[in-house]
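Starting off with a structure, shown below.
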């Protein structure tokens, strides 16, 4: 059991009808994607072709911030607000889609973009799956 | 001219047709609101009635994170993505509305909730005004 | 190989003499600890004894923010600055020690504090080990 | 009175012997500097000479994250921990000095680096002044 799943198990109050597996997976993908995007932005900065990667860097920075905030919002259950959870997940899926598509364009040339694109697409899917369970 | 407006003025590329005044105001309200929410969560923790304020604290923490991320996304212009900007602003307006309403319920008893509610509502409005200029 | 380690492998420039294993472990512990602290603060909010846990919640919130920032700083290698890396790691080890000790005081009563204390202590140790390799 | 100062005034418990003016100024400089650094990193990305500004961008990103976290830590007073406050302020002053010096090197060519360098140096000074009042 991942530590995120352990923290869910030890939450002392009712988690409502949430799909714990989908929630834990989404939290983990958010933080993993935030790390990948932070590292990919930095790796792009060290490429000789950095001038061709400025849109990619910007997408990475936005996606890192949004994934990080989404991972935090999803880690809280007290006073749950479905409307806010949904808006946050929508923004995160949008950021992951944009960054994943942009990184994918450079995946053939830069392995960090390839790894990062995969992480973005997994996170986007985890957000959409969690959204679909929220009813 | 605020420093945020100065940073907008010194951006070396085209800012498109953005309403600079609405943008600078929204960025400033986001960071101001993030500070208010962080401080309000902490002030609630030090109230004797903390057990009645747990939903408020949670709203504050979410709103602080989302405002902070929105202020960052709005501070970037390179490789502008209108879809992502809109989704982020929608999430931020949603968080500010929820937190502002919750804080307002305690505004009569706690001055930090009163000040924070005002900041949340100003930030929500700044987000909605910026959204309306994005077309 | 963890994704963090993969991102290190794909960095396109010289990583200097850094101990990649210690670095990847420290990055992963930082983000894992940030999640645990965010979730523990929220779990404390939902305890009936929340009034006795306010110092714990505050430690959790600080530790989450500092671990998150440390994980980001460590994920960047371009224009490496040893002085800044050291100051950041010192602050992170200090935050993890304080939060780990505070959570440990409640570990017998609250499982989320037990899991979080373990994560804080692992992260503190990872920071100290990375510091020791920086010379 | 700034909103940060208002939030300090409405804190319901004892603030100890803290210098409220130095504290409010430091919090405000931290968030202002985080905004400047985020915007400066993005402005650097849009310069034709971006390849010469990669160290500056990296310094900006670190400084934004550290200032943001420091502003948050300083906005909390419950369960005050002087050791952690000091370590955080030391890291922040270090980040602001590094970023301010780096931006200053480009201040003659790029107005965003000039404005950002000034903000970094004000924030560094506010951190050092607050540190000196902590005894």
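Think of it as A, B, C and D in the order they're written, each chain with its own count starting at 1.
To be clear about the criterion, a residue touches a chain if its C-beta (ideal position, glycine included) is under 8 Å from a C-beta of that chain, and two chains touch if they have at least 3 such contacts.
None of these values were measured; they are calculated from a predicted model.
Asker: On the document's contact criterion, could you list the chains that touch subunit C and likewise touch subunit D?
Answerer: A, B
Asker: Over half of the interface residue numbers used by both subunit A and subunit D, so same, or under half, so different?
Answerer: Same residues, largely: of all residue numbers at this interface, over half are found in both copies.
Asker: Give the chain pair, either B-D or B-C, that is connected by more C-beta contacts.
Answerer: B-D
Asker: Provide the C-alpha centroid distance between subunit B and subunit D, rounded to the nearest whole angstrom.
Answerer: For subunit B versus subunit D, the centre distance works out to 19 Å.
Asker: Taking the mean of the C-alpha atoms as each chain's centre, how many Å separate subunit B from subunit C?
Answerer: Between these chains, centre-to-centre, one finds 27 Å.
Asker: Residues touching two or more other chains, restricted to subunit C: which are they?
Answerer: Correct list: 42, 45-46, 54, 57-58, 61, 68, 72, 76, 78.
Asker: Which label fits the chain touch graph of this model best, line, ring, star, complete or other?
Answerer: Per interface graph, the chains form a complete graph.
Asker: Inside the complex, what are the residues of subunit A that reach subunit C?
Answerer: Those in contact with subunit C are residues 3-4, 6-13, 27, 31-32, 34-36, 38-40, 42-43, 45-47, 64, 68, 71-72, 75-78, 110-112, 114-116, 119.
Asker: Would you mind writing out the residues of subunit A in touch with subunit B in their complex?
Answerer: Those in contact with subunit B are residues 54-59, 61-62, 65-66, 68-69, 72-73, 76, 78-79, 81, 83-84, 87-88, 90-91, 94-95, 98, 102.
Asker: In the complex, go through subunit B and note every residue touching subunit C.
Answerer: Residues in contact with subunit C: 41-42, 45-46, 48, 50-51, 54, 57-58, 61.
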